[in-house]
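Look for chain A in each of the two complexes below; its partner is chain B in the first and chain C in the second.
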Partner chain A sequence: MFALFAVLPVLISSLLILAIRKNRAAKYIALAGSIISLAFAVIVFLTPSAQYSVDWFSASNLVFHITIVTYALNKILLLLVAAITPLIFTYSIGFMDVQREQSRFYTEIGIFAAAMMLFAISGNLITMFIAWEVLGITSYLLIGFWYNKQKPPLAARKSITTIIIGDIFFLMAIVVILSAYGTTNIASLISTAQNSHIQLPLDASLIFILVAVFTKSAQFPFHEWLSDAMEGPTPVSAFLHSSTMVKAGVFLVMVLLPLYAMANLEWILLVIGIASATVAIMNALSEHHIKKILAYSTIEDLSLMLIALGLNNLLAALLLFIVQTFYKALLFMGAGYVMKANDGEEDIFKVYNIKKNKMLFATVVIGVLSLAGVAPFGGFFAKASLDSSATDIYVYAALLAFDLLSSMYIFRWLIVPSGKSDKNMQYKAPRSMAIPMAILAAFTAISGISFFALGMNSAQPLNILDMVIESGLVISGFIISYLFYAKGLLPNVSLYSLKYRIMHNSFFLNIFYYKIAGFFEELGEQFDLFDHSVNRLFNMCGGTLVRSGNFIRKVENGNVNVYAVIFVFGIVALLAVFEIVAVL
Partner chain B sequence: MFYAPDIVIFLAIILMASGICGMFYRKRTALFLINTLIFLAIVLISGFLLFSQTNTIVFGIFHVFPFSVFFLTLFTAAIMLVNTLSYKYSKNFDVLSMLISLSYFGMVCVVSSVSFIAMVVGLEIISLTTAFMILVDGKRRIESAIKLFILGAIAIATITFALAILFAYDPSLSIPISSYPVILNISGNPYFLVLALLLFGVGISFEASLFPFNLWVPDVYTGAPTYITALMAGINKKVAFAAIILIFFAFAVNYSKIFSLLFLLLSVFTMFFGNIMASVQKNVKRLFAYSSISQAGYITIGIAVATSFGIEASIFQIVAHVFMIIGAFTIVLWLEFKEINTIEDYEGLYYRNRYSAIALTILMLSMAGIPPLMGFYGKFLLFSSAVEGNMMLLAIIGILNSFISIYYYGKLMNSIYTKKEHKALFVDRFTLLVITLCVAVVIIFGIYPTPVMDAAGIAVKSILF
Partner chain C sequence: MFPIFLALFGLLVAALAAGIAFREFTKKIAIVASGFVLAAMTAVMLIMFFLHISISQNYMYIPQLNMGLSFSINPISIVLLMMSSIVIFVSALISKDGGASLLTIIFEISALGLFASSNLLLFYIFWDIGVIAIFFIINVFGSAERKGAAFKFLVYSIAASSLLLAGILLIYSYLPIHSFNIQYIIQNSQSIPEFVQWLIFVFLAAAFIIKMPIFPFHSWIGGAYTEAPTGGSMLISGVLSKYGAYGLLLLFLMMPIAHQLAGYIAILAGFSAFYAIFVAIGQIDIKMMFAYLSMAEMAIITLGITSFTALGESGALYGMLAYGLGMALLFMIAGSVEYMFNSRNISIIKGIIENSVSTTYSFLLGAFSATGVPLTAGFIADLLIFIGAFEGFGFYGLIPLAAIVLIGAYLYFVASKSFLSSHKHTEAAFLIEKKVKVGYAILLFFIFFFGVFPFIFLNVI
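The block that comes next holds the complex of A and B.
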């Protein structure tokens, strides 16, 4: 149970903030809690793997357990989340300068972090589902944090609508698994499923879980909520995109990977992964919003992880998983910095020069290089090992195309704002924003080490050819971007041309969403009449209740004689009932 | 083992003596409260330590075994809460404390009785002392005290008549329990035995406030000072349930199918009576009195099912309700002293004292059965035991009643959160302590019910043959 100690400090500190409601102290309490959590997570990381299980509750022969496991995967995710959390909180100290909402913010984001940590160490589907639900609800609260603005509540509603679909599918999967195999413990589920010959429930539940994963990890066709989620405060975006929430889906596939391999369902991961990556890249290339480009890039990264899992290459997926955490958190923090410096301007063509601020520029460049996959950084190793594990020629071609295009959009993200230098950047960020960025930049710079730490250099050494091809594609992506956006060779694409609109709207999927939603709204209006009659029925019930209460009340007149008589009548009535039963 | 089982009972008796000593401590009630609380704490701790391993008979009267230790521990914890409250709110804590100690002795008698005689004596002690506890507060309480006394006398008369019939079957009047092997030897026609048990059930339904023997409950609960109401709703009623479980599940286990009909009828009527009447109440104290009646109905579901799972569920719900109702009546008591009585008066409570408003909301949600609180899990167990015991209809009626209960809890909650600016209310330390403890128990064992459930399982196993 020791691993739970890593979760509790963050949780307790956020509940404490909720209880005392002191806006001034909130950030320090949250930070202290997250640092203690990090310390425990490090200890958990260094201790040997173990599994603990306690009975949570039972109803006669149905017993639910809370299972905590610390296998290698769980420890890595726990450490990642615990390491990112204090950095995010430190960044928030500088970023969230609205005093009035401090305690609400730190409560919500603290519970969000605690839920992800619990998810990381949970060893059965029930425990995972709890964490999964808390993640969904807190992300809803955080995305709609600025509830008095126009867009955030809508974005929050969209995200919760999408996520709830996944929740229902996850629950269905749990029910199917529980009734077919009688266990929700993941380790025993894998061994039971390998020994049993029932194929159908396994397939069904695995597909249900995949739907849940695609909603949580924002894969096609459920990816739209993630770019809208940018309406939340930037620290939330940095957290949500790097280590929390969207990673939960990928992690779930990771722990269940043996089952997917056994059921031959990996092709779904490949197909959906490639489709989502395509859509995400097209959106990223046409998007102007500084954070939304990064959001689409997250979708692409997650797709790459799923493709790696679909190729049964757990190590490449894990490497990308780790590396992506650092560079994506870093880039979002940089984006927040730029937005702050430009009074909240979010269009990359309108923000001012970011080259002036050396610290910002240096850290962001490190992040961009890692994302694009330039040689010594972590992104390079992840992408190269992913490329080399592709066996199918089409998958290989798709992966190469993704390498080129992702390098293009991320250099576009960097080059477009740096090119403009008509105004000087006056803003200097507080130290609490700069320090986490510097730390993350350092982590990103050395994240290539994890390639060797995971033992991949011996397990699946890189092909020289792959490395060369990958680097060549990344460099050509940079050159294209440079020519387009710095030298002004941009092809003249109107905002209203069909090409742009297709690219920008992920094949009009959003419109399709709204059509579905609109259909249900109309259906709902049709049901309104029915609803009113139900309402009347309930009102009638309430009226009947009160009337009958007023009637029975006459008995309750405070007169002891009446009570005694009714007592005797009660005895007689019961005797009569028993006589009748005895006769029958 | 350092703690001999005798110590628990011994301490309980000493406690009674110390209660009597309280008469001489008149001026130094604080000292006396601490004295009593320390004794109770020792009993509580030894109860925890003794649980699940003891099975002896002390002084030939008290059977110390898991079932009795479980209830003893529960009642000790509840008495500690009630004692704290009465110290704070009663003017005559010395007398009151003596009576509570006597009543505590009665509880020990009932839950650990080896014979019907001890049980009846225990019940009578509780009933009488409660009537006097009500009287201690002053002359204006005389009506409810007399009501309790007279109707209690009728109930005891019924029980005694039942004993007279039982005497013909078994002159020793002992209560055989699996761990105490005296086998009930019945020959001949069991007709009168069933009659006797039926009468016994009626008499004890009076204490357990089951319809139609519970008409005194709202009047007496409303008429009594609220800390005594908390005692009656939280403890006295539960003692009666412990007795019901002992008699109808352990002693008359062979006839449990017959008596499941009795408790089914009582349960259904009690639930409907409590909930329907509660929904027309204006006075919050009276509302909670009716709500506690409906809760008694839910508890009876498990007894009607009469499987060991059903009894476990009932015991769980008993534990839950002890803390829910004591917490709720504590808040009612505190507000009563500030002249806040009706649902209209409760308007804007959230803006006057946030903490107590949230606590009352949590307690009410628990009573209505909203997860993840203790009341939800209790109801979940009760209804699922009914489904398992092929009593689908009973489960449906129970769920229907939960719906009805949302109506009046919701009405009160609506009133609490209605915005109305008024001057803030101050909670004193003792009240705050009691409220916090009750809410903590309700939340903690709601999220993690296994310890209570395991303990209930051991207790039930110990009374089964």
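The block that comes next holds the complex of A and C.
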């Protein structure tokens, strides 16, 4: 119950901003709320685990609860979100410098943060679903924040359309679980499922949840929305990719992992994880957009987490989950910095040299090293421990390839903009943007500690071979990138070349989606035509009645001769009928 | 306590006063009268929630034929009474014409009487009063092509009414003791011969399907929803279509044979949901689009009713509440948009957010409710309906959820195209009035209120 106090300050501050609509005060109110939330989250983190449940409503024999739990996983996610939120808000003070957008921005992002915090501490699927949907719709509003530009409304529409599919699958899972087990409480669900043998509903609902997870965490084949979502403001991207939204899907699998293990469905996680990582890496290697490369790298990180979960290695997934939060937020902030300095230029081949800005370069390098998996940083431990838990040779080979290639694309991301010497970056960002980056860089630098804090050094110690292989691959990735992009061994991949098109279309998926959307529109027109003919059919019935009325009316024309003829014929017909009846 | 008599009598006095004595104050009288009814219904709702009582009133009118005025407010009818008084109040609030306000009061008499009647004869009488009121609203106060639309509406409605009357008379004459009382019918309907039951089911189901509407008897909605004035569209989509759904709910409670025939209605409803949403995708007229969305939502409600589970039926009831409020909101928005741009074509309407922020956000929130986002009433409805459908039909019952995906995808398409976009060339003619904003606020308040506090109704049912 106390955990709710961590959610409320952010929520109340954003509602307050909505109520008073003072653009100038919005950022401070939001920041204050998020700091209070962080304080509460720290307290929650230090207090023992608890579960609190309250009846929401009941219908016939089912009772629906709102459940708040603070188990270890919940506390970690809550603390992560609460810690990132003030940093993002601080960064936004510098980044979102248009005055009249302020109150709208802080309202939406505040609700977004609150929803993620609620998601972190929710203990049953109903509560999760509430947070999940609020996350979805606020992300929709935030991605389409600059509605007066060309692309953001389309990106927002794409994301919400994908997300709504996931939402409905989540709802389906809840429906099936509720009718099969009568509860959505995750703890009791896990214990009931162990004792009972209702296979089909459990399998079905777990697969439904996986679809929801893949939409939310942007996994193949639902990953297309995430790179488009870069149209939103950069603080939103930093937030969405580091601790909120996309992490919700992975977190859901984490808390339900015992059920997946029980139902033997972990292979789906492996297959989809490897497929998504492959697609993401291909896109990241060919992409030019400074934020989209990071977006694809997020997809890959999430895939690695899902692969770790598929290998039943919860700790490795959790470690990557924690570490990724810091370095990804940091890198996005760096990307925002670069874009701000270049008047919104987003092509890494066109931006100014970032090497001259020492502070920016230093922080970004720390983030890149952690992402690539260089030795003392958190990413290294996560990747090495993930590699060592692979039992299947194919999975292991895939993981090694991902190590190499992800190091390649992220060093490409770093080397390309820092190579040119002719254009130097003059821009100095305001302190509100620099300070959160410095803090995050510090966190990223020491994030390797979480390997020991999670107790992984005793639970799953790394062996030397894995560490050496991982480091070797990362270093070769760096060398290849350096040779390709700094020394110019590989010419710039043009946006129109065949190579780019092959690497960058995610197996024609995007085109396929547009085809589907076009097909539905076409179908709509056909249905509309059909509906018109249904309409005409009913109109024709009416018309026939009118026409037959008009026809019969001609009999009553006032001409006595006609009446007499009809009268005679009538008498004859009547007599004939009587005769026939009498004979029969 | 005689809340229904009092409300009906009060409305009648208001209608007479507005129509005969104080013609210049008609709009104000309508607002006050419907506001009074809304306040009364809210009070009744709270009393019922806290005290767990039902209210019933009886007055024998023709004892020889066992006919009379009998009303009851039970946990089922209060949901619809509450919904219709909200929608009608908002409709009266934004009414632009005194005559339409007067007809709105008359329609309110019909709605209250119908949802509260515990007697099929009264049900029929109030049903027809509603049809007549709506006919005049379309015919007199509608837009350019109103005459044809109103006529078509009337033809369909008369067909529905005559089927309804035939069904009711069959029930009356085949009962051991002739009666119109719904409770009595529920208890004794198994004594009706099977063939007659079958006939009754077909008659009544056809009548209700026309009113909801469900494919294939939906041709009237195109004209009626679009040509009616804003308030009228709100009344049709919010309240009048629920006459059919409520009737179907009663039919499924009354006729035991419904157990055998429910599957057919469910298949029809499932088909109708997809049919309606695909036709909606093909529309360019914003009101036409909402009309077909409303049809899709009625089909989903029907699915809950036909599931024959307690949860499905509570869900359907809640769906009538949620979708009634939601569709009323969407039609109100369509009205404002038409007023602003003097067009209903979504390829002309662009950049609504730059003209009216409240309209845009109301639309988004309405879309959230239509797609069942939690904390809106639509979520509770969807959740319960589909739990019921899953229990009733297994995994097939979940297929219509895909229709909700399509509804959502299309609503967000419209949102990005017309609402959350910027306009370069088109200029809005007018800004919307303050009372329209108040109307949005009232509907949204209740959509969220019933989404956050569903136990007010559901714990009692």
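Miscellaneous remarks
In this section, the second predicted complex is superposed on the first by the 519 of 584 C-alpha atoms of A that agree within 3 Å, B and C clash if a C-alpha of one lies under 4 Å from a C-alpha of the other, contacts with A are read in each partner's own complex, and residues count from 1 in each chain.
We adopt the following convention: contacts are C-beta pairs under 8 Å (C-beta built on N, C-alpha and C of every residue); 3 or more make two chains touch, one makes a residue touch a chain.
The structure displayed is predicted, hence computed values, not measured ones.
Of the two partner chains placed by superposition, only chain B is touched by A:571; chain C is not. After overlaying the two complexes on the shared chain, residue contacts for A:563 are found with chain B alone; chain C is out of touch.
When chain A is checked against chain B and against chain C, the one touching more of its residues turns out to be C.
Of the two partner chains, neither chain B nor chain C is touched by A:469. When the shared chain is aligned, chain B comes close enough to touch A:581, but chain C does not.
Touch criterion met: A:204 reaches chain C, while chain B stays clear of it.
In the superposition on chain A, A:156 contacts chain C only, with no contact to chain B. By the touch criterion defined above, A:549 lies against chain B but remains apart from chain C after alignment on the C-alpha atoms of chain A.
In the superposition on chain A, contact is made by A:57 with both chain B and chain C. Comparing the two interfaces of chain A, the one with chain B and the one with chain C have residues 55-60, 542 in common. Touching chain B in their complex are the following residues of chain A: 54-60, 542, 545-546, 548-550, 552-553, 555-556, 558, 560, 562-564, 566-567, 569-571, 573-575, 577-578, 581-582.
Taken together, the chain B residues at the contact with chain A in this complex read 146-147, 150-151, 154-155, 158, 191, 194-195, 198-199, 202, 206, 211-213, 215-216, 218-219, 258, 261-262, 265, 273, 276-277, 279-280, 309, 377, 380-381, 384-385, 388, 404, 407, 448-450, 453. Of all the residues in chain A, the ones that touch chain C in their complex are 55-62, 129-130, 133-134, 137, 140-141, 144, 147-148, 153-154, 156-157, 160-161, 164-165, 167-168, 171-172, 174-176, 178-179, 204, 520-521, 523-531, 534-535, 538-539, 542.
Taken together, the chain C residues at the contact with chain A in this complex read 155, 216, 219, 222, 275, 278-283, 309-311, 314-315, 353-354, 364, 368, 371-375, 379-380, 382-384, 386-387, 390-391, 395, 398, 401-402, 404-406, 408-409, 412-413, 415-417, 420-422, 454-455, 458-459, 461.
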